[in-house]
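Here subunit A shows up in two complexes: once beside subunit B, once beside subunit C.
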Partner chain A sequence: MQSKIHIKQTQKRHNQWLDNAIKYILMGFAILSSSFIFIIAGVIMVKGVTPFITNNGGLGRVNLADFLTGSTWLIGESFNSNLYAVGFLIISTLFIAFLSLLISFPVGVLTALFIAKIAPKKLAETLRTVIEMLASIPSIIYGLFGAGIILKLVYDFSTILGFQSKGGNSILSSVLVLAIMTIPTIASISEVAIRSVDKSIEHGSLALGASKTQTHFKVVLTSAKSGIFTSAILGIGRVLGEATAVSLVAGGRRSGINFNILDTTSTLTTMMLEGMKETTGLDYDIRFSVGIVLMIVILITNFTLNYIKRKVGNVDVK
Partner chain B sequence: MLNSRRKKDLILQSITYMASFISLFVLISILLFVFLNGFKLLNMDLITHNFESTSYIADLKDFTGPGVFNTNKDFDDHTYYSTKWGIALSDSENLMGHTIVLVTYVHEDSPFNDLRNKGVATQDLMLDVDYEIVRIAFDDGPSALSIQGAQNMIQVLDTKTTFRELEYSTSGGGIRGSIITTLYLIGLTLLIALPVGVGAALYLNEYAPKNKFTKALRNLIETLTGVPSIIYGLMGLALFVPITISLTKATGANLISGALTLSVILMPVIIRTTEESLKVVPDDYRHASLALGGNKTQTTFKIVLPSAFSGILTATLLAIGRIIGESAALVFAVGTAIKDHVSIYDKSTSLSVHIWAMMTDEPANIELSTTIAIIILVIVLSMNLSIKLISKRLLRKYGVTHE
Partner chain C sequence: MRKIFLVLALALSFSLAACTSGSSFDDSKNITVYTRDTTSGTRAGFMEGIGFSAAAGSDDVLVEGFVIKDNTGIMTSMGTDEYGIGYVSLSSLNNTIKGLNFEGVAPTVANVLNDTYGLKRPFMWMVRDTGDYESTEIDQLVKAFVAFLGTTDAADIINNNGAIALQTTVTWDSIKAQHPITARNNSNVTLRFGGSDSIQKVAQALTQAFSAKAGNFVAEHDHTGSGDAYKRTQTIGLSDPVSKHVGFSSRYFKDTEKVGVATSDMGQLAWDAIVAIVHKNNPVTNITAAQLKAIYDGTYTKWSDVVSE
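Showing the complex of A and B:
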């Protein structure tokens, strides 16, 4: 009897030990997963700072101020120089992001409104599936679509305008590809925001004599403002970070700020991919510096938009 | 007044209608573009063939003279068979639209099974089905060229008793290597990401106390979703590539570093999806298990985890879809060299990177790219559909209605 109790107790202690061990292993997994954001930032910082503080194998230090403001990107291997600059890339990246949001934001929000409020149930369900399918298509296929169809259309369009386009590779093509990629993101998040608008606000508007369309545009959309703004922030995040799809239609521009939408361009991400197949030394390390710039651009854009979102204010939906 | 309002309403409404049909239009045009362009190359050869085609110039080895090689195989009207040499040829067209001569059948005793690479005397070669014959040169008389067609080539061959050299190229344009790479990447990534991701989700949902630290962990994991994939690629290049080089026999970017990078990308998706399915498991299950004397570990792994199976399955499917579609991160972490002989310690391309590598080459190969795109689209869209079905069933199982 005594020994039986003893066995039970050791078993219990053993179980407790196991419980704790498992708990700490799982906790380790959770901490590992969450620490990766620091690992990513740290690793890229360390690599990306190298070009500014070392001699770069005889090419000399890259000047940080010139790097951030200049408007020429020289390929180091062929020009054998340290003259890399991303100033013009930052501007063209933001320009492209702005233009593509100019297309995808109204289209996405109106689609969301249509699905949430206007469309009959069957049609809404179909369109929702269409949006989900579009959201799941990998970006490389959007790029392929851009290279196969949009480039041709843009080329013909610029021929009509009398502009000799480089095979259609242009700001316009990049903007169109990015716009159709962000429509599903904006539409699906805005739809959730629109559907969560309190019914009583809507009823109040209708009771005051406003028509259904007026209610949708003036009451529902303004009430869902905060959620719609969030969708735009996520959309612009996707635009700024997109790489492979844009690299197939941008054309690759090495110098000069360009605002002619029919001419070639480059973004921070396409420049990181450019010539990636065969490169070493400074030309390789500088990509990490561009990565830091990209992360900072995304962070600043996010902070600014979030600030605006708070400033614009919030209609209390609940 | 009322009339102008109605007009305004009508305009606004029609704008809404038009805007929402843009998405439908875009989806249809993408599908049409991909299928119309890529369909003609879609067949089994594509999946089994190598990508690189190699050209050889060969002559006959230990040749004793032509014989009589009868066959009871049926050939169609455009295939020409030489009983003297035991080989059947047919006319075809390559991707550029040029006429080419393809081998459609080689008799098992045919002298074409016994060839020798000219110049490199040690390499034995043999002709196989779907190889492309460029020319056959003879000592007496002009060469038979592929441009003159298969019929001419067979007729010339039948008049000769031997030939000086044969130039041919093996069949290329297949994507076997990239398919194998993609499968390796899926397997390796799931092997790494699923245990860690599901473990982290179990901790957050079952063990973690509700305090600031847990909240911080959740927020940090959520932040990962906002990081663009090209940044993950840089991280893989700077961190995982050196690690794998020092631990394995790899010398550069490799599939293991790619799988590690993909695992980090997928971590937030797997954790969130698993956690959502853990949340719908009713607390009664946990209480019942504990009341029956099960300890925490038993309850978690034998009661809660099996109930969350469909959530983990959803996470797996989402992960597979993401791995197949990922391109920017893999360009950095696995490289862009299209390989036929895949090793996990070497560079290679997944299907998406294969498209990117071909599209950034000069000239871009849109036909083959769209064919690969068909494969990717079919897999990704069917994954999406099954996820929808699974989550519907999961919700029904626990009596949670949609919305």
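Showing the complex of A and C:
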């Protein structure tokens, strides 16, 4: 009897030891993975700040105010000038993000509504799989599609309008590529939000005599608005951060704010990407500064959207 | 099911109609200027070739409203944009677009090799004087590398990296016996390469391939510009860490750079040829350096300016 208790006790002690060991190992992994964000942010910060505080190998410090407000990427010869500016890029980045969300948000949400509420079960399953597959397609594929198909369509479209497009490289092409890219993200997240709306709310609406369509738009969508808003936030995150696909269709504008959707443009990300692999010195470091600007733009956008989301409020959702 | 087919057929016919429409060229249209970004070696070669060196590293001297694309981007854009003009390296030229004759000479590999096609620049090499090395091993390895540059093995690598190798029939296997140093294990030997940055990609591919054939020596690349090919192999002593064993230049050596350099210590390894390209519907077939400069600096903005000449 005593030995049995003894065995049990050692067993228990052993289990405790194992539990503790696992706990610390997992904690180690958690710390490791979360510390990457600080390491990355730290490196970008240090690299990105150097152009503003050092002499840049004789080129002189970059003026921060001019950098943030200017409308020409680089005045003078590259490697021999420090007159960089991203003001116009911030505006065009936000402009493109806004336009693409204008397309992808309604399309995505309505797709989600159809899949979650209206489509027959079989069709809904299929569509859900398709949307999830689309969401996982790498951006370069969308970029290739954009460069191969959308550029041509936009070029022909602007010819019909009587505007001589620059090979289709334009805001419109960028917006279309980004919209196609973000529709799956918005649709799949909205769909989950719509599906998790409490059935009793829906039944209540129907019982009060509202039609199905009235219920879907006025009750289901408004009840799921918090989740739908989250999908928009994630969608805009993807739009702001996308570089590869946009750089293939944007046209690489180097100066001036442009709101003509058929003319060329650039975003913060495409500017970072272009020539990144072949450049050195200040021309390389300044791309890290653009990275900081991009992170700040994304943070501000997210905070604003989250603020609006809280204001919009929430309805009883499971 | 039939409806789906109907929709598909309609969509297909629409897209076909879109593809075939508009084959007449309107020369009153603006020229859309395509260019590589300022870090591109092709851009440097092109701008220098048309006498517009200021635009090699600077965007603000170019015509207003230019489009920046990479090599492939310019190729595909020229397939779409009837009124565009761009430039690519000769090796990527194909029949989806139209490569323009330069000063009356067609852009072909043969015309580059016989030195009639003008829009090109030479890739040159220069090494230190015999005996001016840290050790005889390094001296012999450099000599072996120079011999390797003249082989078909090197020519393949050069051609694969977008340049045009000089004609040769010598294979590395047939001459490697003359360079017994390459049969040794050289993994503790470091060779320093430098000079033109336009040639860096080709040079790195060459040293990588040659290192495997020559006892795995370590190749250190530090490309800073054509001017340093001469400076860092001839005027800077070995004690200086920036001194190089082999320097590359993407232009001919100047007469001042050739003073006191043995003819066996320098030579050409390849050509870098660039072609101005336009859409297939464009009636222009020939273009001059002056016309290209006028297009890129904004003097000519309409195709009629070029066609009427």
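Everything that follows uses one rule, which is that the second predicted complex is superposed on the first by the 286 of 318 C-alpha atoms of A that agree within 3 Å, B and C clash if a C-alpha of one lies under 4 Å from a C-alpha of the other, contacts with A are read in each partner's own complex, and residues count from 1 in each chain.
To be clear about the criterion, a contact is a pair of C-beta atoms (placed from the backbone, for glycine too) under 8 Å apart; a residue touches a chain by one contact, two chains touch by 3 or more.
Nothing here was measured: the structure is a model prediction, and the numbers come from that model.
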Fit or clash between subunit C and subunit B when superposed on subunit A: clash
Contacts for A:251 in the overlay, against subunit B (first) and subunit C (second): which applies, first, second, both or neither? second
Can A:283 be said to touch subunit B (first), subunit C (second), both, or neither? second
Pick one for A:35: touches subunit B only (first), subunit C only (second), both, or neither. first
When the two structures are overlaid on chain A, which partner does A:187 contact: first (subunit B), second (subunit C), both, or neither? first
Who touches more of subunit A, subunit B or subunit C? B
Could you look at A:155 and tell me whether it touches subunit B, subunit C, both or neither (first, second, both, neither)? second
If you stack the two complexes on chain A, which partner ends up touching A:72: first (subunit B), second (subunit C), both, or neither? second
Taking the superposition on A as described, I'd like to know which of subunit B and subunit C A:164 touches: first, second, both or neither. second
Which superposed partner A:264 touches (first subunit B, second subunit C, both, neither): second
Which partner does A:128 contact after superposing on A: first (subunit B), second (subunit C), both, neither? neither
Looking at the overlay, which bit of subunit C runs into subunit B, 6-14, 168-176, 204-212 or 294-302? 168-176
Residue overlap on subunit A between the subunit B interface and the subunit C interface 147-148, 248
For subunit A, which residues count as touching subunit C in their complex? 72-80, 147-148, 151-153, 155-156, 159, 164-169, 248, 251-255, 263-264, 274-275, 278-279, 283
For subunit C, which residues count as touching subunit A in their complex? 18-19, 21-22, 29-30, 32, 34, 37-41, 54, 57-60, 65-69, 73, 76-78, 80-81, 83-84
Please give the residue numbers of subunit B that touch subunit A in the complex, ascending. 5-6, 8-9, 12-13, 15-17, 19-20, 22-24, 26-27, 29-30, 33-34, 37, 195-197, 199-200, 202-204, 207-208, 216-218, 220-221, 223-224, 226-232, 234-235, 238-239, 264, 267-268, 271, 295-297, 300, 321, 324-328, 331-332, 336-337, 352, 355-356, 359-360, 364, 366, 369-370, 373, 376-377, 380-381, 383-384, 388
Complex interface listing, subunit A residues touching subunit B: 15-16, 18-19, 22-23, 25-27, 29-37, 39-40, 43-44, 46-47, 106-107, 110-111, 113-115, 118-119, 127, 130-134, 136-145, 147-149, 180, 183-184, 187, 211-214, 217, 237-238, 240-244, 247-248, 269, 272-273, 276-277, 287-288, 291, 294-295, 298, 302
